[in-house]
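Pasting the structures here.
Look at the two complexes coming up: chain A is in both, with chain B in one and chain C in the other.
Moving on, here comes the complex of A and B:
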């Protein structure tokens, strides 16, 4: 139980910081709306609805990237990470807490982004929403992990997309498949598999990212 | 190597559909399998580093992945040439293996970005090792994803019934694969020796300074 309490405390810390400072969430929300407007003009009239559906996934991945780039800023600038590593809790709790906080941000932004997409383009099906929910878990698990790696490097903002995007390709394939293919339940299954595989790897190996 | 080239040139029968161009198969596929072997070896060494703290495993992992990327790039080039000859296009998104190699190439190129932007030390070794382990998880996941996303036009040579090749083709294929593996392991040893020499030299310089 103490493990879960640690995780909850860490996630609450991030959410509280965001509520006080309001830095990341408004930026992500504005970004996703601006991206959708750009996509509207990037798709000439007469393009299929399927193309718009695909661009929704581009918007989600890049919005998540924007949030992930900010994920470890406080830890880095105020040397919080050293304190967290020294704290008497399992190191994977740091990853899980941060991942839950990022998941909270991303889900909040999608509560704005998906209705906006439905208004600008066309309605969003139940399977798309299920796909987005499953993809969010994978994006946040892997994204938080590589964000912690990138935070340890000199070229943080530069290296994060390079680390994250190749790992996000399967998520995009699964997500687009779930939203555009009729009877795409196996894509949802694939997303769930991705979440499970990478969550386990991240959980097991996060300790090595933050310690020497 | 020489034996492989000779067998490819004279021994293996020409493919009924594709004629002479099919011979690039004996380069393309062994190179691709060798690249997988390099990535796998790199991940194994990464695991040894994290698990047993084996000294030098980090460097070995890095050199293996370096060669994996080189062979991966060669796979992309030979695959592209083959696609041009047999399908008339330089790049076919419907060929799963090529797309998978593109994903892996991007992924492992980011490995170098990560490695060169972290200061040398135990943390860099850990980060790189963990990332290399991610790679072996990404290979099957991406493969599944790409297979789900596409239909087939790439000829599937290995099926559950075993290799769909005549004996002489299979022999040539095995010899060229062995040759590629030999080439990769030689390069691996040479570069490893060079890097170790570098490290030793640096230590000696620091001792002198």
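Moving on, here comes the complex of A and C:
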């Protein structure tokens, strides 16, 4: 219970910070809409629905990347991570709290992005929505872990995309597969497996990211 | 309580700390002095467990959550109020009777009237007072203070004096104003 209380306190703090600063969510929302508008005009008329489905995943991954780039800005700019790391709570609670906050931001932005995709391209099916939900968990689990690593680096702007994008390839494969392949349920299973494996790895090893 | 033998710390090829030996019993007061760049802050970070030595051995016989650390940065979120910042730390540090303790510290450090202001609106001195509240919130057994008088006016500095005088914790204090705490010191460490 104490662990969950720590996670809740940390996630609540991030939501409160975003509510006050309003820096990340508006930027992510604007980005996803802008990306979908660009894709709408970039895709030749008469292109297949399958191609549009792929572009949805490009928009989701890069929107998530934008949010992840800001995930640890408050901790980095004001050295607050030192205070959090010294606290007696399990350090994985920092990862989980931050990951839940990022997941909340991404899900909120998708509430705008998916209807926008339906307007510009075509309707979104139940399997695509399930795929997006599962992909969000994996993206936030891995992305928060990598964002913490990048925050400790001088070349954080380079490190985050260089580490995150290769790790997000399975998410794109699973997401696109779930969206377009007939009988794509096995891709949903693949995404769930990815989520479970990477969440466990990140949870178990986050301590080594924030300590020497 | 604290035992250091030949402690050193390097960043790549640059050695910022070398051959530090120290024995500080529980309840002691270590005064750390030295010019800028002599390794004081690095040594304090090693004591707090935020970094590890690259040479020698360092034993700090204190649990992680029982250390109060005051650094150059106040370690607070500017967009949160003083109460929200302290409440977050209070939860993470398992402070019992959190609200009462937060209220008492804010009163003592003269921040009660500004308790619901965001830390971003605080002056340098007020931030230092808030940082002191944060470091003392969980009544630590080891207090690691890096320039505790930095940014404080005389009234604020007197509050720190009083806090150190009434202390029960072991204290390690690095300062450029050693005269203020000289009489409290039971051990000294001068970096060159």
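FYI, the second predicted complex is superposed on the first by the 212 of 212 C-alpha atoms of A that agree within 3 Å, B and C clash if a C-alpha of one lies under 4 Å from a C-alpha of the other, contacts with A are read in each partner's own complex, and residues count from 1 in each chain.
Following the convention adopted for this analysis, a contact is a pair of C-beta atoms (placed from the backbone, for glycine too) under 8 Å apart; a residue touches a chain by one contact, two chains touch by 3 or more.
Just so you know, these numbers come straight off a predicted model, no measurement behind them.
Asks: Would you mind checking which one, chain B or chain C, touches more residues on chain A?
Replies: For chain A, the partner with the higher number of touched residues is B.
Asks: After lining up the shared chain so the two structures overlap, which partner does A:212 touch, if you call chain B first and chain C second: first, second, both or neither?
Replies: Both partners, chain B and chain C.
Asks: Of the two partner chains, chain B (first) and chain C (second), which one does A:16 touch, if any: first, second, both, or neither?
Replies: In the superposed model, A:16 contacts chain C only, not chain B.
Asks: For A:27, is the partner it touches chain B (first), chain C (second), both, or none of the two (neither)?
Replies: It touches nothing on chain B or chain C.
Asks: Given the touch rule stated above, what does A:89 touch, chain B (first), chain C (second), both, or neither?
Replies: A:89 contacts chain C only, not chain B.
Asks: In the overlay, answer first, second, both or neither for which of chain B and chain C A:129 touches.
Replies: neither
Asks: Which of the two partners, first being chain B and second being chain C, lies in contact with A:112: first, second, both, or neither?
Replies: neither
Asks: Is A:51 contacted by the first partner chain B, the second partner chain C, both or neither?
Replies: Neither partner.
Asks: Does the superposition put A:73 against chain B (first), chain C (second), both, or neither?
Replies: In the superposed model, A:73 contacts neither chain B nor chain C.
Asks: If we overlay the two complexes on their shared chain A, which of chain B and chain C does A:43 touch? Say first, second, both or neither.
Replies: In the superposed model, A:43 contacts neither chain B nor chain C.
Asks: Could you tell me which stretches of chain A are touched by chain B in one complex and by chain C in the other?
Replies: Dual-contact residues (chain A): 212.
Asks: In the complex of these two chains, what residues of chain A are touching chain B?
Replies: Within the complex, chain A contacts chain B at residues 149-150, 152-155, 158-159, 162-163, 165-167, 169-170, 173-174, 176-177, 186-187, 190, 193-194, 197-198, 201, 205, 208-209, 211-212.
Asks: Quick one: in the complex, what on chain C touches chain A?
Replies: Those in contact with chain A are residues 48-52, 63-67, 69, 71, 73-80, 84, 88-89, 91-94, 118, 134.
Asks: Enumerate the contact residues on chain B facing chain A in the complex.
Replies: Per the stated touch rule, the residues are 50, 103-104, 106-107, 109-110, 113-114, 117-119, 121-123, 126-127, 129-131, 133-134, 137-138, 141-142, 144-146, 148-149.
Asks: Which residues of chain A touch chain C in their complex?
Replies: 2, 5-6, 9-10, 13, 16-17, 20-21, 74, 78-80, 82-89, 212
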